[in-house]
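The same chain A turns up in both complexes below, where it pairs with chain B and then with chain C.
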Partner chain A sequence: MRQPQPSTRSCWPRARSMRSYAPAVSWILVAPAIAILAIGFLYPLLRLIMLSLSAGPSATYGRLLREPLYATVLASSIVTAVSVTFACIVLGYPVALAMARLRKRAAALTTACVLIPLWTSVLIRSYAWIVLLQRNGLINSLLIAEGLTQGPIKLLYTQGAVILAMTHVLLPFAILPIFSILRAVPNDYVRAAHSLGAGKVKAFFLVTLPLSLPGVFAGAILCFVLALGFYITPALVGGPESMMMASLIGQQTTVLLDWPFAAALSTVLLAITLLIVVAFRKSLSFSKGLSSVY
Partner chain B sequence: MSFIWIRLSAIGLRLPICAFACFIPLAASLNWASATEQVVIASTGGAYDRALKAAWFDPFTKETGIQVVTVVATNAEMRAKASAMVKAGNVTWDLYLDGEIQAASETHRQATEDLSGFCQQFANRKDLSPNACAPGGVLLQSTATLLVYRTGKAGEPVPETWADMWDTKKFPGGRAFPSFDDPWRVMAAALLADGVAKDKLFPLDVDRALAKLDQIRPAITLWWKTGDQSVQGFRNNEYSLGQIWLTRAKAMQTEGLPIAWSSKASFLVGDRISLIKGAPHRENALKLIAFWLKSPKAQAQACEVLSCTPPSSDAIALMSDQARKTMPGADDIRNSIVVPDAEWINANAAMLLERWNNWIR
Partner chain C sequence: MIGQALTLSRLRKSYGDIVAVNQTDLEIEAGEFVSIVGPSGSGKTSLLTLIAGFEPPSSGAIRIGDKDITYLPPYLRDIGMVFQKYALFPHLTVRQNIAFPLKMRRRAAKSTIAKRVEDMLELVQLPQYGDRYPSQLSGGQQQRVAVARALVFDPPVILMDEPLGALDKKLREAMQIEIKRIQERLGATVIYVTHDQEEALTLSDRVAVMHHGSLQQIGTPAELYRRPSCAFVADFIGAMNFVPGILVGREDGKHVIQVAEGIVLKATGGGRLAIPSKGSAVCLAIRPEHIRLAPRENNAAGMLAGTVEASIFVGPTQILLIRPEALPDVVLRVQMPADQIAGLERGALVAVAFDEAMLQAFPARESLAA
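And then the complex of A and B:
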């Protein structure tokens, strides 16, 4: 990994702010992005919300509130998403740290190990877990061969399998933001901490970790948002009790073809996701030194 | 900067799935369009597709010169996509396969053409079953969802009815039931096990069915969502008794697995070929479905492989004795196989699914 030159290390690396250009230039520069967002995202979103209201709000939103099923599934989806996010950060942080610290070849190898799964279809990665977790799969065979269990234990089609497989699928989304921040933290800071008498552990907790928090939070938000809408993986490795909001939306869209209700479910999921993300960011902005959380 | 890159890759996560599922077959069909006469049919792919291609599509192309382009999707995807194409006024498929029950629903009628006029030409065909050509689509084949079990030593009692499926003392071992958002057949099995008469089954008593299902729930070791799961589960000894598709059970028996089934505990299900409203190659599509009904040889060849019942009795006559023995026959349908009440199921689909979701999670 090439070390940045000392001159560029002197300040926190950030994209050039909008304030450095004249307002007219800024608007012209962002106009294409705004146009794409408006046509490709805002307009369909508006149509979705209109569709959800087309059958009358009591038939869609009313039903959502009357029937406790939807609130409980939403709650359990959030719990699953939070668990997956937590697991991604805890498992991803050391990998990101290794990627940022290792020398050339080892770093390239680690990066490849992170990126290749990212480019592999979610479907294939989920099926791989089925192969590992099934009744006479690799893990059960190992457990029995080692005499740790009498017979095969039920690993597949459980909530644990869902969290495990989702964590695996989403891990790169935690690793990459943390890595990009960690790489920008100059090694000089750690050396300075050492020279002031901090040991390795202390330097990590007092210097590296706090400086990398923006990456941790960016990774957490990404993982959480993606996990909340997960569809394929829970459907493949989960049992009937690990029902996610996306599966309910899928049922309404493809089985019952009740699109107004599917639109209402999607709108509620989107609103809750936005609410949680905004609340998360708001709570962060109170803590000092985290202003660069994107 | 880094965040923008990551955002892009977040979208990238979704793209490959969609690219495999829909863009590649569509691109392929677009390439064909300019060259030759064609017809686009959506089906579920795999072994099913291969059997249909060998028995039906290839002979059709040979006779008419019309290319048959297949698009692979699950039944639910097809239903949603056909409906979306009609609503958007941009139809690229001509035909798709839908379940017998769904083909009788209101949403199906909105997306597909009424074939009543087309069906008149088959009115005098004595070999075809009476429902072979219906307004909602042409019958492709019928098969069953039924009770299968792992065979033990000779002389041991074998499960025959749904009540036996619930009898965990007499027949120990794990149980398998389907859980693919279409819960009527599980509820119906529970009611039959609880002593409801076959002709009194519909309308389904959902409360009673779920109460009966509570009794068997601890023994259920597999809820299968795809046919492959039911096969893999049996191979892995995950269950000894299960409610699965006859076509899959037959495939496992051919493979040499110790599996048998009871036609006394079975439900008749089938697939229909439906013509989408505004199909771009409507005439070719009608030729293709007429070819199916007019060609008992094609039906016999496909059903020989898939262990299904073809719509024509002439086709049944052409099949091997062995294949005839495993498929649901006319006598079975009269005496033991339950024919679901499609009208009631469609009218109550949303309620059934909501009750089911509440119970299962």
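And then the complex of A and C:
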């Protein structure tokens, strides 16, 4: 009599628990990371905070509160970052879904299309938008040639241009986490949904989408944090009214040489970023089912 | 009785040059429990995939009752499916999982959904687990939820793809009884895929054996065991001894087969395959319980002298592995009540005789599942 070998079943991906190592080994393994973090991040951060207080809190933090300009810039930075994040998720999700569903060669091609811009300098990609959006650029030429507008319209140096260019730059950061989660969702869930009577649209919205939310959240946090501190792109394609926090800090350090105030601005930006990320994560722990799976 | 008949006619599926399912005809009656067994890669899961509608067949037709569903998408077919790894939605509670098909199919009014779900939880004996998430349940509990979810919308046909494969032996046996109990109570038509032939024999009204994408035989467990249609089925279902030989003639409707110099046995032609002409190679098949031990000195015709190679204790019976002197390439498996062969240890000299009424001849095997 034959005893068929049980087939090895692939498990739902799950991070290996730290408990599989002895505590001492774990500490040795993370020690280099802790050292780098302490020297390269915590120490400079501490110096930054001290610097922001060196001229007296009233001159830096007080000024931040007193002059409405800074609150305006901060608010507009957050609005821009939220818009960019939203655009990245909305545009990135279908791409991630296509990448996860396509067959080998097509998937490789799509992945290349997503990754190659990522490997290209942000500077080059920002300049590319200048070429496209400027007064006598490609888009204005097309609009005029089609008779849609009389003269060139102002596209460059606007809030819209900033959001457009930043979305382009940050799109891969939304696509890749969503893609990796979608790839890990077993096909059986979609099949199960179909066999239980859910059509394609319902199966997507009730099963695929909720199961991919951790990827969406990861992508959203990544995009938001990067967007909030973005420097090059808004500086190149944005106008004075679309100034971001990073540009403001840059101005303080390089033009006005007010280092304590720049340090205060940086500290506030960091604190707000952390606050929003923590709040976001907290609000995500609503779904017990998801947190027990991922 | 909710079950309906399922008919497959000339169903075929190929991927390029690879034939996954080869021209299959199968008629399953309403309320019948049919298992599909076969080794890995025999096409049994492919067949299930076609019935469920996850992939279209290359040709042929599938009908439920009188309705042709061959090219109907899976969500319009009335088929419940239990997946190998259960495929319970991890982001939904047990209750939400079971309510899912009812909501999708709008079969029940909103007010009755809750009641149906509770009834189902009762049926699978998990009434207090409705608010848990699948990851908070044990494998056996998840399996029962998967069964409940597949049954709750009263599908006329239920497919199960190795649903007990991930469970340990004890739990598997308990679940087998439970699945059978629920199936009989609801009268559902069940197609059950498994690679475990014992499980198939335990549960099924009929068992279908697949090999290389083709249906080899379908019959009741007893039919398959007693009258296998080919050497593959004979080997796959239960334990079977095979002895190679050469057909030397026919006598009283039986085949006369020479297995070794001076040893000639008579056997019925097994199965549907015609035994080739005189002089061709055949193989004899006999179950372990149809071999007797005989006194060694009594050297009658058809008796083989041999040595015990191993004696295996299996509870009420004992298995002896015996190597006949005349057939050095064969090890015979003999199974009999333990008390009858007490004291026969490894190396003991014995003689065996075949119960000739139970001896079947097949054309020489080309490939077996082993």
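One rule holds for everything that comes next: the second predicted complex is superposed on the first by the 277 of 294 C-alpha atoms of A that agree within 3 Å, B and C clash if a C-alpha of one lies under 4 Å from a C-alpha of the other, contacts with A are read in each partner's own complex, and residues count from 1 in each chain.
Heads up, the rule we're going with is that a contact is a pair of C-beta atoms (placed from the backbone, for glycine too) under 8 Å apart; a residue touches a chain by one contact, two chains touch by 3 or more.
Note that the coordinates shown come from a computational prediction; the quantities given were computed from them, not determined experimentally.
Within the superposed three-chain model, A:His194 lies in touch with chain C and out of touch with chain B [touch as defined at top]. Annotation for chain A, partner touching more residues between chain B and chain C: B. When the shared chain is aligned, chain B comes close enough to touch A:Arg135, but chain C does not.
Using the contact criterion defined above for the overlaid structures, shared-chain residue A:Leu176 touches chain B, although it does not reach chain C.
Partner chain A is touched in their complex by these residues of chain C: 39-40, 52-54, 73-75, 77, 79-81, 83-85, 87-93, 100-101, 104-105, 133-136, 149-150, 153, 165-166, 195-196, 236, 238-239, 369-370. Touching chain A in their complex are the following residues of chain B: 1-3, 6, 9-10, 12-13, 16-17, 20, 74, 76-77, 79-80, 83, 107, 179, 181-182, 221-223, 225, 232, 236-238, 349-350, 353-354, 357-358, 360-361. Residues of chain A that touch chain B in their complex: 15, 67, 69, 72-73, 76, 118-119, 121-123, 134-136, 154, 157, 172-173, 176-177, 180-181, 218, 222, 226, 232, 235-236, 239-241, 243, 248, 250-251, 253-258, 294. Considering their complex, residues 1-2, 4, 6-7, 9, 186, 188-189, 191-199, 202-203, 206-207, 210-211, 287-290, 292-293 of chain A touch chain C.
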